[in-house]
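What follows is subunit A paired twice: with subunit B in the first complex and subunit C in the second.
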Partner chain A sequence: MLTLTLLFTNFCDLTIDLFLHYFQRVALLVSSDIDALCACKILQALFHCDQVQYTLVPVTGWQDLGTAFLEHKEQFRCFVLINCGANVDLLETLQPEEDSIFFICDTHRPVDVVNVYNDTQVKLMIKQDDDLGVPSYDDIFRDEEEEGGDDSGNESDGGSEPSGKRRRYDEGEVERRIERQRATREWEARRREILFDYEQYEYHGTSAAMVIFELAWVLTKDTKDMLWWAIIGLTDQWVHDKITHMKYVTDIATLQRHVSRHNHRNEDEDNSLSIDCMRISFEYDLRLALYQHWSLFESICNSSYTSCNFKLWSMHGQKKLQEFLADMGLPLKQVKQKFNSMDMSVKENLREVIEESSNKYGMKDIRIQTFGVHFGFKNHFLASDVVHATASLLESTEKDDSPGDNFIKALDCLSRSNLERLHGGIDLAKKKLMAIQQTVASCICTNLILSQGPFLYCYLLEGTPDVKLFSKPMALTLLCKYLLKAFVRSTRNKRCKLLPLIIAAPMDVEKRTVIVLGIPPESETSDKKNFFGRAFEKAAESTSSRTLHDHFDTSIIELKMEDRTKFLDALITLLS
Partner chain B sequence: MDPSEVEFLAEKELVKIIPNFSLDKIYLIGGDLGPFNPGLPVDVPVWLALNLKQRQKCRIVPPEWMDVEKLEEIRELERKEDTFTPVPSPYYMELTKLLLNHASDNIPKADEIRTLVKDIWDTRIAKLRLSADSFISQQEAHAKLDNLTLMEINTTRSFLLDTLNCMYKLRSNLQPGSSGGKAQDHQ
Partner chain C sequence: MFCEKAIEIIRELHRMGDGQLPAFNEDGIRQVLEEMKALYEQNQSDVNEAKSEGKSELIPTIKFRHCCLLRNQRCIAAYLYDRLLRIRTLRWEYGSVLPTNIRFHMCAEELEWFNQYKKSLATFMRSLGGEEGLDITQDMKPPKSLYIEVRCLKDHGEFEIDDGTIILLKKNSQHFLPRWKCEQLIRQGVLEHIMS
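For the complex of A and B:
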């Protein structure tokens, strides 16, 4: 009847009569980031099409994943994991039954070798051209029977042979045994080296939402809603700086083909579509966060690109901004007004005017390729607007919001029918961006970023305004990246410009823990590969600090406040 | 009757769809449907058409009357005549709403159709109100209205009946022999 063809790596390529025949119900375990939410939405729509029963469980970390698995392992045989589970030996961690199957669609790389080479229980959903760089099977795994089998055989039949012959035979045997042991030790040393190189750097692969959209496309069940969610998933990876610029541009081109295909379908006849239908368009738009839902001035002040280029935390920077606006001929009164209320004459060629002026001020990439959506007469959103709004809803720190509630609210705001929630999210996002801007300004002005030798370090004190916002991983990541960019711009020390940054912020005041995260150094051609995961693990081990490596991104950990100093010292020693 | 009940009855109407799956004939209590072959049009009730459309298993073909020129003609005719003109379908209002909400991407010029159908509806409801008004003021005993649809009747049914009941009570409570002028005032 209904079949699903899943795109696997070149290791296994199967068509399975999946959900309807073998498994009655599916457990969907979804991590808490925007890409995962989008992938989840697309998958839910596909399930609705085929009337597959499923249970949705949001998970925020490894402990959550373990608990969720224990709760559901009785009733479910089929688990789909989105943006979690690929970078750790899953079967070892969860200890499932023989007949449970896991489908993992995860952007975290490197994928654990056991997950890659397990044919039966773990199925990875990865695109064909995503190069994993997995070491070959023989380099890592080896049959146990060859070792030591021959040695024991010879010692037992001692007495039956004449002594002279046996001595010679034994010498040969001993030599061969020594040879074998040496070879095993060499093989193991090489294996350790290969695995170390493979697992040293953490990075991200193709967006999960895009992979699941491709699945929908292969099944010819793709709709514009699903395409829009795939776009949001990709934009999330770009906003939170998880992928390189090259990869972003390549993926945009892939999505652009899908967008043209959908648009072409509409403009076939000269009968145009209803205005309520969703229209996705390719935009070469400004890199100003939320500018169409804010005033242009506020947006320029609170977007990391413009703020860092102008150095808006200094008086000199503010003056430069005024010059910039004057250079474009935009009256201050217009620019400080809500964007939608600006004069049409000002809005007309805004993008080109800003691009021209930005080039003069050294901002060559003020415009970025992205997509926008129109539906109804009033509603126009860019993909990055939706990403910011959803991220704020997901990590909202309001008093009575549990993580489960936030997840559901964020999931809701991705549907077209929940526009008030989306607007609510946009308001929260504005507050978050302003908080980030102010924190960055104060950190730079008070020199809170210190060079510890192999890395830069910043600690947000408990009394810092809005520090509650930064107890959440995504917000803290944005702050960290923004801070590093600003620091690179403002420092004169050439060596410091090439250092990575570690930031720590209070996470839970009662439990006295801090959240620590590290990001790679800022550079034009950065490959976004992060080595802090392993470094944190080693440092924690060596000082026996009380840490919790719960987050799916290994470069984000939770640490007890008291152990902060010794942990840092260990890191400095490790990385020097 | 509740308007949702009228909509429920409207969902029994047949509409043409083009499925993208294949299925043998299905035998339901209300009748037989199918067989379904990809790319070949088949007539199904609206409830099934909408369900299949939401699961992306078919494309809905708009009914013949759901066309801009035809609806414009009907609207002009309706505005000219004093009485009710024949309707394109006994459930035109419900079908328009259902199809345009769920399948507007399969219907060309959906916005204009929505406006035209609303215009026709408004004209007919205005005529109904006028007619009810004159019925009561001239104290007729019976009236005959052709070409009304169930949804239109349903809009006035409860109000009209309650009003007539009230007026009957008022009239029958007057003392026999007292001036009939009182009854006139209550209109």
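For the complex of A and C:
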């Protein structure tokens, strides 16, 4: 049996029970991504259990975080930050009072070294087996008293001796000082190197929702709802390609143990639960986005895995798809109608049939391990369905929605009682996926992706249809990843297949800014580590471009349209 | 036709359903009172005439005018009483301090009545529940939990709760607060109770 102990680093064993004794009230600052929303829901449920008073404030970036902190620092001593704050020196940025404490549950890595080694004010919520790779204390920090002590000792010794001997001591002292200075310079050079290596690549750790679920489990206050939210948090990391496949599979196994534990009662025939109760089940299901809420045909056309493998932007690809469907014996009429209305005979072994045919067409991983939830007769959702729906609600570009409104809507749709909202989200997600598919098709067909040497570059012009959707980071990330996969499939240039991709799209038409984001190269064994954060910072500095590094992911920035060309040139020089 | 004005002011009050308090119709009441005064004076003179000169044919007219007077009296009494009932529910809804726009709708006597009612209610509440008294205007329905989750619908600024701490109520922020503190604001529409 595995022991899953939750370690709060900085060697402090504070749990939620102690929250109540030390602090009356807590401020929850939550970032705007699905994993954070799920973690927030679990934490809220825990707080309700223990009647801890809290205030929930959504934050979209560093500026928002700063403003929220300033507004609330008078009234709160305890702050919980979800999916924000770990990768920057928090105390330096926020300048809090001595008695403020921050609990950070953030998937962003690398964690800033000051945050790791701070004993009093910053508490990181990280699982024990999540290796941070933090450099050791002595390599980065140095007590300055060491140098002063040596000198004063020698001077006092030298001063009490007669003059003859003193000259000798003086020479010795000068030599020692030169030696010390050389050692210091060496130490500092090594320190810079270590920090550079540590902070160069940005990646993500275990899902925040899973960490907080573990906390709930340790407190034996976990419920199926919380487990479902943890599953959605993990699936979000997979959908938006933040973690490696290995990590995803490992985390799925962890959650599978919890699911079995919760499903224990279902297996008892005599006392089984009513159909209206929530059941979570492990599914080895198809990698087709939203296919149970759409038609099979639409889902195949708009999922990045199938679309890239068939190359559906070309006529040839369309023909292959028709062959594929024929090979499985699925009539077109069936496949193009709503999934729920398909004949039972067709739906029966659908997954196995599709898997068999996909193997013939070179798609070995059409099925992926995931979870689904049932409640009532009508309601069946896969975790990825909920992720897509919530992401579309969170980044909805309807006219009257402010980021705060979207956050509230997305948070609501995670509750089981708000099914209409979830269905609304699914509809928006369908539109988003279709828009992504069409944009990818047009970019590939019009050769909009150009190689700039060390990286590929794509710029979405202002008149592109649905370009408003892509002014949001998550939607743009999905588009970017999909685009890179499609490009790697369609290009013949072997070198270009190994390059990372930078995409830029108009963000705010009035302020004339673009959103720029970079993703690492596409490969089977990619470790998803992204170096663009540092690269963007350096390029912006060297050309004094007007950039805003507001997003918690450092590889996403906002840039003034006019500075685009010089920024790109600087990047090219930097990365060559 | 007599008594039409009286019916008009009652209809006006009836139209504003749902416990809302329209402005006090000073004008209407004054007109009705004037009508009543005119009728009374006419009746007075006719009665004297009938008594002194024995004109019994005036009696139906006197009876008719008397009926009108009673009718008017009944209408005005109903109007005033209904308003008082509405003002009483306002105390239970809004607490002891009424919003200024509602106070403008009340006449001076109604305000006086409201203050007296407040005092009576306060004395009664103090007499219950031992030393500190019991606030019976809270928890009109049995509460399910001590704390509830609320969402802020508009910017309300700072809000103080029992232990002195101040909460900033900003649009779209969510809070987990003691139920009794939130009830007022929920009724006013500043906060929304979230049930998940």
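What we mean here is this: the second predicted complex is superposed on the first by the 539 of 576 C-alpha atoms of A that agree within 3 Å, B and C clash if a C-alpha of one lies under 4 Å from a C-alpha of the other, contacts with A are read in each partner's own complex, and residues count from 1 in each chain.
Following the convention adopted for this analysis, a contact is a pair of C-beta atoms (placed from the backbone, for glycine too) under 8 Å apart; a residue touches a chain by one contact, two chains touch by 3 or more.
What you see is a predicted model; the values in this text were computed from it and never measured.
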Subunit B and subunit C placed together on subunit A: clash or fit? fit
Legend entry - Touching partner for A:Q51 - first (subunit B), second (subunit C), both, neither: both
Winner on subunit A touched-residue count between subunit B and subunit C: chain C
Q) What is the contact status of A:D276 with respect to subunit B (first) and subunit C (second): first, second, both, or neither? A) first
For A:F531, using the defined touch cut-off, is the partner it touches subunit B, subunit C, both, or neither? Pick first, second, both or neither. neither
After the superposition on A, what does A:T223 contact: first (subunit B), second (subunit C), both or neither?
first
Taking the CA centre of subunit A as vertex, the centres of subunit B and subunit C subtend an angle, in steps of 10 degrees, of 40
Shortest Cα gap between subunit B and subunit C in the overlay, whole Å, is 6
Footprint intersection on subunit A (subunit B / subunit C) at 48, 51
Per the touch rule above, subunit A residues touching subunit C in the complex are 24-25, 44, 47-48, 51-58, 71-72, 74-75, 402, 404-405, 407-408, 415, 417
Touching subunit A in the complex, subunit B uses residues 20, 54-57, 100, 104-105, 107-111, 114
Subunit A contacts subunit B in the complex at 48-51, 220-221, 223, 266, 269, 271-277
Counting only contacts in the complex, subunit C reaches subunit A at residues 145-147, 149, 151, 163, 165-168, 170-178, 195-196
